[in-house]
Every structure is written in structure tokens, then in C-alpha cells.
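Pasting a structure below so you can have a look.
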Amino acid sequence: MAAEMDAAVLHGVKDLRLEKVPEPRGPAGPDDVLIAMRSVGLCGSDVHYWQEGRIGSFVVTQPMILGHECSGQVVEVGANVRDLKPGDRVAIEPGIPCRVCTYCTTGRYNLCVNMRFFATPPDDGALAQYVSHPAALSYKLPENVDYEEAAMLEPFSVGLYATRRAGVAPGKSVLILGAGPVGLLCLLAAQAAGAMRIYVADIKDDRLAVASRLGAAGTFRADDPEIGERLREETEDLGPEIVLECSGAPSAVRQSVDLARPGGTVVWIGMGPASFEFPTLTVGIKELDVKGMFRYRHTWPTAIELVSSGKVDVKPLVTHRFGLPQVLDAFELTRTAADGAIKVMVNLEG
Amino acid sequence: MAAEMDAAVLHGVKDLRLEKVPEPRGPAGPDDVLIAMRSVGLCGSDVHYWQEGRIGSFVVTQPMILGHECSGQVVEVGANVRDLKPGDRVAIEPGIPCRVCTYCTTGRYNLCVNMRFFATPPDDGALAQYVSHPAALSYKLPENVDYEEAAMLEPFSVGLYATRRAGVAPGKSVLILGAGPVGLLCLLAAQAAGAMRIYVADIKDDRLAVASRLGAAGTFRADDPEIGERLREETEDLGPEIVLECSGAPSAVRQSVDLARPGGTVVWIGMGPASFEFPTLTVGIKELDVKGMFRYRHTWPTAIELVSSGKVDVKPLVTHRFGLPQVLDAFELTRTAADGAIKVMVNLEG
Amino acid sequence: MAAEMDAAVLHGVKDLRLEKVPEPRGPAGPDDVLIAMRSVGLCGSDVHYWQEGRIGSFVVTQPMILGHECSGQVVEVGANVRDLKPGDRVAIEPGIPCRVCTYCTTGRYNLCVNMRFFATPPDDGALAQYVSHPAALSYKLPENVDYEEAAMLEPFSVGLYATRRAGVAPGKSVLILGAGPVGLLCLLAAQAAGAMRIYVADIKDDRLAVASRLGAAGTFRADDPEIGERLREETEDLGPEIVLECSGAPSAVRQSVDLARPGGTVVWIGMGPASFEFPTLTVGIKELDVKGMFRYRHTWPTAIELVSSGKVDVKPLVTHRFGLPQVLDAFELTRTAADGAIKVMVNLEG
Amino acid sequence: MAAEMDAAVLHGVKDLRLEKVPEPRGPAGPDDVLIAMRSVGLCGSDVHYWQEGRIGSFVVTQPMILGHECSGQVVEVGANVRDLKPGDRVAIEPGIPCRVCTYCTTGRYNLCVNMRFFATPPDDGALAQYVSHPAALSYKLPENVDYEEAAMLEPFSVGLYATRRAGVAPGKSVLILGAGPVGLLCLLAAQAAGAMRIYVADIKDDRLAVASRLGAAGTFRADDPEIGERLREETEDLGPEIVLECSGAPSAVRQSVDLARPGGTVVWIGMGPASFEFPTLTVGIKELDVKGMFRYRHTWPTAIELVSSGKVDVKPLVTHRFGLPQVLDAFELTRTAADGAIKVMVNLEG
């Protein structure tokens, strides 16, 4: 292998560069594998780091490779690795937990206090030709799952974990607020968990049209003043039992509790402003369960099974594709969401 | 029985009168019992109706008897009643669910869509000499539980239900925000459920002193700028696993999520302003479970057992006592919380 | 209406008669509806009462109408009934709980201590031209659900409740022991809840063939000595996470814990001998959750939604149809399960 | 340190020897600590290995040091250890999970497929002067917890985990079958979790007397033919909501489901014969949850807190004490349970 490789490196606010960086010299340790990246999806958080240089308390202070929705092909395996071999195609879970903190030992590794995560300062991400990663977090793909689908398993994991947090099951009525990539993937995950009455609200009609095509039982303009009344007509006059808030917009976060049925469950998935006017009293009077969620846990095997079995088809969400040389264009399109862009994929040569 | 009885009747904003009203002519139906009231505790919501004439969407539009924390003695039983007889002493659960709505049939009767509840418009409350009530919601008292303790079971039910919503158990660290009657009863309930590290915060030192006497592991000034740091020192550097917010104050509601441990559970018990600035993003990043709660369900038998066994002693919270003729004074003292008043009890002659 | 109607009345062991009985004179009470029966499925328990005169402690001591899997058309409604009107087509939940016992008020009405249930002594069942039933337990059918499908909702409720007891969800591996009607309906319910790796074992190849046609991921001869090894190959070398035992056969009940994964969940649905040799130690060493289940609760609305949406197709299980005049032939076929019979339906004229 | 140390080594069936073995040369690895053992309690499983040479599929094929209920003092720490230092007093969790298998990563490390556990073939146990152990599984003791109490945390962990599996909480009625050490520790754990109505059954009156002294609400002869009736009198005519079976005796395992309330929870803690006649149908008809359990998980911090706070007093269960030189006598007394022996402790010189 060559000593240098191409990578999309963020140097500061709005300063993203495609440049040469040192190539990994093999798997980082005996339990790791070296992976040639094949597909990397772009995410709102990648764009947020690019535009703002930070997300909350995570600040980019040194050059950092972006990208964390990814898949690739194993090139070399560490000495202890038994379940993977060069040539294997893998989906990559981008967070590396410590396995020993109180969260890891109780099975909630997404809250690991020592987590290292792709493209979260100070750790590099996946938009590079080669990456070393733990074999245990590199999931071998069935033949009928391609690299783009494999990269989609990361955002789909958000939807899958949201449905678990919410307890989506057959018979439950579900409202999804926000029909961006995460909202649409929540729709697919909720369908897979057996929900039939899944409603989607957004302020963009083209996004709602996509939700309808994917099988939403109903779609609503989020700014329809009668959205509550119309939803109650569909839901025993009580409102939906489950609300998945995927936009982060303050108005939607407020709607999430205003529209939920008394005794219902609301999951906040979208990331928006840190603080704003919010009807806390509604949570009490309706006896809601409002659940935050941070990334995901224990999702890849199930996500692979859902895609491989055909129960979930993530492919229609990939609307645009670029090569690594065009990665800046890919970022710009993700930022603007122009041209009906939902998920923009960067595909590296195999 | 005489045709008239004394009752504390709210006629409008700040217009509470002790006056004669018609006495019930016996149990209202064959499954009901007629009860001579013995003890009625006053609650913040009674005061709120008195001062404001409404709570949220519940508006007092016609004269209404106040009071809902109560106990009494059975005077007469309906034709179908088998488990109670005249002379029995009973604690009263003040909400009458319909038993047929979706909430009732799934065991969540506190959310009953047809609930009738003492002193909630348009239904009369307990501050009267006689009240008819369903036998099934009138719990026979063991000999060692007196009428005041029995009346305290209503606010204690709030604390008991809060600990269930929160999952309080041995080993859990618990923070209680607000050391008023509800916060202190949450403390007693959390102790009964086996928690040892229970911390209480308030802005009043005398309330904190009461919490200490009742066995709090630590007390904090809620306005101490280092409260977070000090709590983390007691809780594995992570913060408490459970936060019970009992004040309703916006600053405390914000603290409830700011101070909770990642992955922790927050229960909102206090009732405050409908809407205010709130750090929603914290709920997501910390993956919190924020749970509202509305009144309580399935609590009386356990509450009676806890008090009767001596595991919980609610008596120290009863700080002041009045007769029914002095009920207006009792309300005024409850309003001001002067003289160290925690729970003010109205005792009727037996 | 005429004063008499036809009904299938069990008079004693192996003494089932089609005979005239008095017709109901209308709804039994103001909350009831009178229903003209349209489809009644026959069940193993009907056959068991017919052949043995009893099931456990339930003994037939007076003539009793059989049948409890049923649907029909509303003929007359009681004074309080608002949600149904003559002509409405309904699916019938055959158990009438008391709504006031400790099980009813906690939402577990299937354990009601005062339950009245179709064709369970001393209560009559559904194999008659007319039946009065509570409106609240008579579920209006969507247009695209026919009477036979509606009658199938009763046994499907068993499967649906089993998947809830078991926690079936996307990604879970499931083994179903027994491919009779209940096992096959568990298969459909588990699919609806998102499970993909559902395996079915039985000792009859034709039943396994049906399971395959319905979409089982794999089928096994229950008497294959290598069934454990073969299952582990499909399930991460650990065995299935969930086992649904639907046969009641002692060998299958033993297999249910022998084949389950450590930490897994086993639900016992089949009814067999009261007592037999069983490997209790396995339950401990594997830390299994073994769950009994009695009938079902809260299933009809979801079951209707699943069938109406097309997610679940119960129709292929209805293999044979008879009129009420041929009800004795229908029972005989159910008893022998000859001719590939799975579910035998008795259809009454409309 | 000397090159040799004393240890209680099992060489084969009924062949236990106190002999010299090589002393550990320090902590086994950088994350381990070397501990001078101070107290080691003897357990039924130690006796079982001694008498039978095996437990189920675990067979002693080479000399093995016995003992796994233990505490000691840190002598030397590995290079990475930060939280412990020489001189620290520690309680020891005797199972070392792999942290990477599916059970470990989902928080169920007691089911770890690669577990190494004290005195479980082929791993040595604690009855030796020095043992190396992971620092993460060596819990620093508060000053007011002594070595014997610390050794008792292991069997108490069984009781604590049983109450978690069962959902013991205030208001729950609990029946404990078997009043040996584990049954009595379940009693203490259930009290700590807030249960008040805890009943204990055994066939030995002296054991029942101990249960009474420890605060059982009632005790019963397990062979009393009216035990069911008498229990129902105490439990709303339904039976206890929770049954903790601690004896392993077939008659008691059968009673565990016969006596439980419909809808109740039964936990099997005792280890008895592998297989015997058992009323499986009762589990179904009563809709019970029967839960096995294997050892424990996540218990030490809570157990330490309970003992240190005084909520639980395990000391009365330690009835007899021996030095390491008398370890064979200690085993013999544990085997016979003569002289009112409950827990026999081996104390090593400090």
C-alpha cells in the first residue's frame, strides 16, 4: 500500500479540504481490521461541523477527517481476528466503546464515558481511502446487501433504536415529525416493527410525498392549524400513542407533546437549539414519557437482517452519488438539500 | 340525619365560605357508602382554586366544595356493599374512574377520560360533614392508622406513584427538587422503596432541615452554583440516577435534567407555569427518560400497609390542625406556609 | 323474531346435538347488542369438552352451547349503545370481564376472577343463530374484513398475545413448537411483529409444509435428534431467543427450554397433561423466562388492523366450511384433523 | 513474599486437602490486584463439588482450590490500577466476564459464554492465602463493613438479584420457600426492597424460627397440608404475588407454582435434581412468569451500600467460624448443617 491516501479533512469553520494524509500502516491493533472504504453517506452532523466547527461541547481544534456512515472492504486483519478475512465486505459501526465503564457493563454502550466516535473531535472519520477499525464493530455483509445499503445502516440504526425506545409494535399509532432522512428512516423502522397507522408531518410537500410513497398512512402539513384535530380523527379521538420527533425544530418539539395521546410516549431524535420555550406542564398533565436518545446501540445485526430480508428498503433514500474527488460538491448538496436530495452518498473506487 | 350540613364552598375567586348545604340522603347508589368526614388535609391545588378560580382548563363556574385529602367513618352502606359496614373507618381515594374507557381497561385509570374527582369542577370535594363515595374506593383502616394518617395517604400516594414511575429501588441515587409536602413525601416513599442515597434541594433552609430530620442523605441549597459538582461527588461523578422534581419552579424543572445522570430518569411531579425556557437538547444528549405524572393509581393498599407497618411515618408532616369552623384560617395558613406549616389538617368532630 | 333457534348443544360426554333452544328476546341489557351469528370456528377446546365433558376444573353439568370463535351481524341494540347499530358487522371477543376485580382494574382482565366466557361452563357459547353480547366487546368490522376472517381473530388473538408476552420484535430469532392452528397463527403474528428468523417444528410433514408456505425461515422435524444443533447453526450458536410452545405435548414442553438460548424467553401456549417430567434445572442454569399465558387481552383492535391492512392473512388457514345443519360433521373433522384440516368453519346463513 | 502458600485443594470426590501451593507472583496482569484473603464463606456448591466432584456439566478433572464467597486486603496493584492501593480492604466478585460476548455487551454478564469463576472447573477459588483478581471486580469497603460481612455479599448478591428478577417492591406479597442461607438472604433483600408481607416456608422449625427473628411476617411448615389456604388468607384470597424458591427440592418447586397468585412471578433460585414431575399446566392456566436465575449481576455496589447503611444486617447469619488450618472441619459442619449452622466462615489471619 502507498504511504498516502485521499481524505476529506475539516480544518476549521467552512474550511473542508480534499487532501493527502498518511495511510494507516495496517490494522491499529490485533483485534482490528484495515478497511478500504467503499461508501460514505453524508449527514447533517457532518455539515454542522463543516459550517460551525462544533456541535455543542464538541469543538474541532485540529484537522479532522469527516464522515461516519460507512462501509468498506477488509484489506488486512489483526492477529486475533478470526471472523473476518481480507476481501470481506463490511458495514461499520462508527463508535468504539470502552467496554469497562458503568454504561458499557450495563449494556448501554452508546452512553460510554470513554467513547471514540468517527468524526467527533478529536477522532477522525470515514471519508478516507483506508480506515482501521475493531473487527467486532465491522459486520460482514450478506451477498445481497451492497455498500450503499451498508452505509445506510448507520442512519437507519437511529430509526431502529428510536422505535425500540418508543416501543413501536403492531397496533400502535405513530406520528413522525420531520420527513428528512432520519424521519423517513424512522418510518421504515416503524413499519418493520409492525405499526400500520404511521403519520408523517413536515413543512415541505415534496418530503411528504416521499413519505406517502414509502407507505405512510397519512401525511400532514406541520403548519396546518388543524393538525391536532385531524390526527385525533385517525386515533380514537386521543392522538397518536407514539410521537417520534425527528426535526429538532422548536415548533416541532412543542408539537411532539401537544399532539401525543395522554399516557403516550414521545422520543426526541432531532437535534435543534439547546433551549427554548417548551410546554413542560403538558408532559405532566398528560403523563407522557418523553425519551431522549443518543445515537444507538445493538442495532447493526438487526438492521442487516431487515435490509437483507427485503423487509426494509433503504435504497430509495439515496438520491445522489459522488466520487471522493467530488466530495465538496456532495457536502454542498447535502447542505442545501437542493434537487430533492435526501441522502447524498460518496462512493470510493473499489 | 339532619337535612343540612356544614361545608367549605368556593363561590368564586377568593370567595370561600363555610356554609350550610343539603346533606346527602344516604349512599348515592347501591355500591356506595355514606361517610362522615373526619380529617381533610389542605393541598396546594385547593388553595389554587381558591385564589385563581381555576387550574388550567378546569374552571370553577358554580359553587364547589373544596378538599380531596380525606378520611372518615362509614355511616350507611348501599345495598350491594359487602366489605364495609357502619362504623368502619376508611381512607378515601378521591377519584372515581369510569372503568370502561381505554385507560381504565388497560389499568391506567388515573388517565380515565370520564374521571370524576373531588373538588375538581364540576364535582364537589370532601370539606363537608358527609360525603357519599363508592365502597370500592373507601379503604378500611387497620386499627393503628388514625384519621389524620389516613388523610395523608392521598398526598403520600403522589410520592409513592412517583417512586414507581421512577423505578426507585435499593442502590439507586435519588435527587428530590423541592422540600414541600410532596417533596418530603417523595423522600419517605423513596426510603420505603429501599433507596439510601436520597438528596433534597430547596431554597428554604427550614425545609431542608426537615428533610434532614426525615433522613435525607444530603441536602443542598437549590441556588448553590456548585450543586452539580457537589452532587456528582456523591454519585460516581455522574449525577443522580433519578430526579424527582416536586416544585414546579422553572429553575427546578431545568435543573431536573441538568443534574440527572446520562441515561437517568426524571419525573416531573410539581405543577408550575404552563410553558417556559427549557433545555430540550439536554434530554437528547443525555438520553434521559423524562416522565410526567398525573395524580396516581393503585396506591392506597400499599400506602396503608406502609403506614400501618411503621415503615413510613407521615405524622411529622402534619404541623397544624383546625376544626371545620376554622377552615378559612386553615386555608390562609396553607396559602402563606407561615409558622413552619407543612401540612394543615382540618379535623371534623366524630 | 321467532321464539326458537338452532344451536349446537353439548349434553354430556360425546353427546352433542343440534337442537332448538329459546331465542334471546333481544339484547340482555342496555349495554348489550343482539347478534345474528355468521361464522363460528371450531377449536380444540370445543372438541375437548365434547369428548371429555370437561377441561380441568371446568365441568359440563348442564346442557351448554359450544363455540367461541365467532362473528356476526348486529340485529338489535340496547338502550345505551351508541357505537353500533342494526346491520353492523362485528367480531366478537368471547370473554366478559367484571371490570372491578383486582385483575380488571390493573388491566389484566383475562385473569378476571369473575369472567364469563363463551362455552365455558356454565356459560353458553356461540354456535347458535342469535347471541346477546356486550357492545363493548363487539368490534365493528372494516368493509374488507369478512365474517370468516372476523371469527379467526379469536385464535389469532392467542398468537398476537403470545408474541407480546414473548417480546417478539425485529431481529429476534423465534422457534415455534407445533404447527397446528395456534402455532401457525403465532407464526403470522410473529411475522407481523417484525421477526424474520422464525423456525417451526412439528412431527407432521404436511403441517411443516404449510408453515413453509406461510413464510417460516426454516422448518424442523421435532423428533430430529439433531434439531438443537441445526437450530444453533441458524442462531449465533446459541439457540433461538424466543420459543413459543404451541402443542402442549410433554416432549415439546421439555424442548421449549432445552432449545432456548440462555437468557431467552419461552411462552407456553399449548395445553397438555397437567403434570409430567420436566427439566426445571435447565430453567435456572440458562436463566430463562418461562411465561404461561391464559387466553388474551387487548388484542381485537390490533388484530382487526393487521387483517384489514393486509399485513396478516388468516384466510389460508380456513380449510373446510360447513353450515350449522352440518355442525356435527364439522366437529368430527376437527377432531380427526383429516384431509389436511387446519381450521374448520361453521357458517350460518345471513 | 514467600514462594508457597496454604490452600484448600480439591483433588477428587471427597478428597479435599489443606496443602501448600505456589503463591501468585503478584497481580496476574496490569489491571489486576494481588489480594491477601481474609474471610471466605462456605457454600452448598463448594460442598457439592467436594462430595460429588462435579455440578452438572462442570467436572473437577484436576486439583482445584475451592471457595468463592470472599474478601481480603490488597497487597499489590497492577500497573494500570488507579482506584485501589495496597492496604485497601475489598469485597470480591468472583466471576470474571469476557466483556465482549453478546451477553457482556448487552449487560447480562452473568451469562457470559467465556466466564471464569472462582472454584468452577478449571478455575481455582478463594480458599488460599493470596489471590490475584481484576481490580474492577474488587470493591473497596467502607470502614464500617468488616471482612465477614464483605464475604457475605456474595450469597447476599443472590438474594438481591432474586428480588430484582422478581420485581419486589413496597406492597408486594412474597413467599420464600426454603429458609437456608439463600432463603434467609432473600428475606433480607426483599425487606430492603420494601416488601412487608414476606412469608417463609421450610420443613425445619429452627430455620423458621430464624426467619421469624429476622422479621418474616409469617412462617409456615412447608408440609402443612393447609399452607395454601393459610397463605391465601394473608393475601387477598389469591396467594402471594411473588414466590422465591430457594430450596431446589422437587416438592418446593412444585409448590412455587401451586401457591403463587394468578398473574404472579416465581423465581427459581434453589438448585435441585435436573428433572422431575412438575405441573406445567399450572404455569399456563395461572399465566405465571417463572424465571430462572444464574448467579447475579450488578449487585456488589448496592449490596455494600445496604450493609454499610445498616439497612441489611447479614452478620446474624454467620453462625460458625474457623481458621484456614481447620478448613476441613468447616466443610464438614457446612455439610451437616449441625449445631444450627447457617453460614460457616473461614477467616484467614491478617
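Order of writing sets the chain letters: A, B, C and D. Residues in each chain are counted from 1.
Quick note on the criterion: a residue touches a chain if its C-beta (ideal position, glycine included) is under 8 Å from a C-beta of that chain, and two chains touch if they have at least 3 such contacts.
No experiment lies behind these values; they were computed from the predicted model shown.
Novice: Can you spot which of A-B, B-D or A-D is a repeat of the B-C interface, where more than half the contact pairs line up?
Specialist: Matching more than half of the contact pairs of B-C: A-D.
Novice: Consider the two chain pairs C-D and A-C; indicate the one with the greater count of contacting C-beta pairs.
Specialist: C-D
Novice: How big is the gap, in whole Å, between where the Cα atoms of subunit C centre and where those of subunit D centre?
Specialist: 43
Novice: Could you put a whole-Å number on the gap between the CA centroids of subunit A and subunit C?
Specialist: So the centre of subunit A lies 41 Å away from the centre of subunit C.
Novice: Give the residues of subunit C touching no fewer than two other chains, as numbers and ranges.
Specialist: 108
Novice: Spell out the residues on subunit A that touch subunit D in their complex, using ranges where they run on.
Specialist: 99-100, 104-109, 136, 298
Novice: Across the complex, what residues on subunit C touch subunit A?
Specialist: Per the stated touch rule, the residues are 160, 164, 169-171, 189, 192-194, 196-197, 301-302, 305-306, 309, 311.
Novice: Which bits of subunit D are touching subunit C when the two form their complex?
Specialist: 56, 102-103, 108, 110-111, 113, 236, 238, 250, 253, 262-263, 268-269, 271-294
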